[in-house]
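A short worksheet on the structure shown next.
Should a chain be cited, it is by its letter among A, B and C, assigned in written order, with residues numbered from 1 in that chain.
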């Protein structure tokens, strides 16, 4: 079991380091230009026409932006430790409740998009692997190369243009009904599948060509039985690891897709509060993204560990079996 | 020929371009338990013969001929019919156990995959091969190479096959484990299974004492019972092949050497890695100029490490290494570095594959100076009988024998006093192996170079060394 | 087939980078009367919401986007290679510290690091370059650390050390070539990824600031007019897509060559 604990502690420590880096980075960078921050908040709250230096200074003292940096930093860390993420500099609302609301939306979008991508990718990837140079293989590799060069927001623009504007089947933006989920989730799924199809195809092909499959066949198994009995676990190890990793890597997708579809999730929140220099909100959203990423990575490691006996039983000495 | 006999007639194997690369080869087994052995160098086509019987030739290769087994006559072109014989009449013992076993499945389940297996047969097969029942619970990565090899034999034993094809059953195994493989093969024969063994291990062929076929460049140059073939080979190539076997080397006349200066010395040297106990303790011996000291012992006992300690590549845990009478400290090692050299186990590995051989030799100008370099290079190249064309190639385009000579030549450029030769024979074909030893022999006689020979093969050692250091646990 | 694709990709990239030199006119000159005007022979992509020629803006954005992306990769590649080789050669504590740092950078999900850096430093080429390079570097460091570690354990390195060569000579002759060999294809491919990152930041409003023409920013500017001006929106999209595709194909060809070379083993 030592291997499990080492791995879990290692991942958690790493995530904590990232979280700390984000917290610190936010402070260091925002205090390079403190006056600018106050001006921007004033602009965000009252609009550009009411902007003046007096208002900015008012805000600066209200929000405590004039206090020494270390004091503000220390206070933020102290509050963080008690689980208080503070209030938004722009709206004055609690960061935690905003994150909670946005986080749920993002999670729904992520799970739907990720599941959809694998529902598509698994059958296509396996088909392509079992019939190399067949039409599924050729078509899917063309699809992969094309999709991999297509950033998610371009794909989203294409989908909006076709399904929302020309065909008028689906709403283009916002999140008021489950229908609003379809286009962003599809955008996410298409982008993800480009990578997972390729990996699934390569993995299944490699396992199918492995000599232990041939050797299993010389034991009297049919080709499909050998592939099923000796193949699935060997192929599942990298595929599952990659799938979990992909779920973590959708952060890019969230940021772009949510901004494009005006979807009230964490990514959209991160960008809009970054533009408004709303430090507590940026930090909160960044922290949730980083911690979520760390946890999903941990889950990916644990899954590989459960599937692959070579990792978990590495500690067992060879001498046991004589 | 009785109905129990097996007959194999291979007319030819054609490659993708329709060129004949192997054939004709004919083999027969009169009674159950007979063995046929194919011997020959790498690239002689012996593995392709085995693949043609099993219907496992690479795609687009084609074999003509037939196999008659258990009263059935199957054309070698009919891959489907050949594959239908798998496990029922034919079984394969492949050469690389860790590539052949499913890494994520326990051994017992893999044995259960054999057609017609049950727990009783599996237990019987495991115990027949000296494997404990707990091996069934292990994953392949938990087994040693020798044990994994034996589980492959168990697979064949569990099956009902009357013909078992074993591909290089001793490859990469040391003497003890090779002996275990031989035992396993003999048990299969005692069970009434006929064997086809593909090997470059002449010892194994001699001890199996079956019908032996010598292959060269795709053709069977000579065939006959092992005891006849090994004592009086008729074909020139078979004779050369058999003479290269260390067992047939004539023992050199005992040499009387005048006492000469000591090149290196170990005084009470011990070494152990941080994890685990000491590999060897309180070792003391001297090496004189022109002397051959052999270091022997099982694999994993620390022979290579001892060589590295002697060469100043590793610091001993205790004791002293002396070079020319002074302790091999950092400064001494730096000063005498090029005089103490190593002939690596895999000769090709000392040349980086992204550079040509010539570039490697040209690099030596850093150390030897530019003027003397080219002259010396020419002299040595001629002495080693190596063509100048080799200099333009990378190591991937060079044969094993040439690589061995080039590696030796590279060391000789540095004009060494001591060469540690690490298993100089393990990765090359017998004929090349013989060649290396003749070169080393000439070296010690003509240039008074001291040689430390690391080998697990006691036979080679006994015919060659002046002094033997045996490591044991 | 693959050769032709490679030639085509390189041609696309050269045309993209150079076309603005041939087109007359100022990409920032506005003519509000022509706002959102459709395509014509002289202006094949029409005009944007401020009446600027879209083709001209796309062409002028190309050298900036491609150059910035290329520079990001050059910095990240050089830095990563140096870090990886130092870590592999020195080993021990240096190795541990450098690789933990790399791990830390790797633990930042996707574009987040670049977004935070560019956002806080206020957009512009400098912060973008810094943020994206820092995000790309760890993969090169990891990869070159792994390859260098493997090569250093190979016997030709030991043999060279025993012959008495200087360390720098061994690193240069024996270690650097295989490290470059294993990392270069990914280096070329990541230029495509860097183009995406640059334009993503532009799209989010955190990259190069308008009115300077930049593909991502152009897309975000035109998004409110998506139903009226699809062609104008499609032009920068197409530019991004084609240039990333081009880099993907340079890579595929590179990789094919590598595998063909290995066949001699």
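General observations
Please note the rule applied: contacts are C-beta pairs under 8 Å (C-beta built on N, C-alpha and C of every residue); 3 or more make two chains touch, one makes a residue touch a chain.
Just so you know, these numbers come straight off a predicted model, no measurement behind them.
Viewed as a contact network, the protein chains are fully connected, with every chain touching every other.
Interface comparison, A-C versus A-B: the pair with the greater number of contacting C-beta pairs is A-C.
Taking the mean of the C-alpha atoms as each chain's centre, chain B and chain C sit 48 Å apart. Averaged Cα coordinates give chain A a centre that lies 21 Å from the centre of chain C. The mean-CA centres of chain A and chain B are about 51 angstrom from one another, to the nearest whole unit.
Of all residues in chain A, none touches 2 or more other chains. Note for the complex: chain C touches chain B at residues 154-156, 158-160, 162-166, 169, 173-174, 177-178, 181, 264-265.
Per the touch definition, chain A reaches chain C in the complex via residues 14-15, 17-18, 21-22, 25-26, 29-30, 32-33, 145-146, 148-151, 153-154, 157-158, 160-161, 165, 248-249, 251-252, 255-256, 259-260, 270-271, 274-275, 282, 286, 289-290, 293-294, 297. Those residues of chain C that touch chain A in the shared complex are 103-104, 107-112, 115-117, 119-122, 192, 196, 199-200, 203-206, 219, 223, 226-227, 230, 233, 237, 240-241, 244-245, 248-249, 252. Those residues of chain B that touch chain A in the complex are listed here as 54, 56, 83, 86-88, 90-92, 94, 96, 99-105, 110, 113-116, 132, 134-135, 137-139, 141-144, 147, 155, 159. Contact residues on chain A toward chain B in their complex (touch as defined above): 210-212, 214-221, 226, 229-230, 233-234, 237, 307-310, 313, 316, 318, 320-322.
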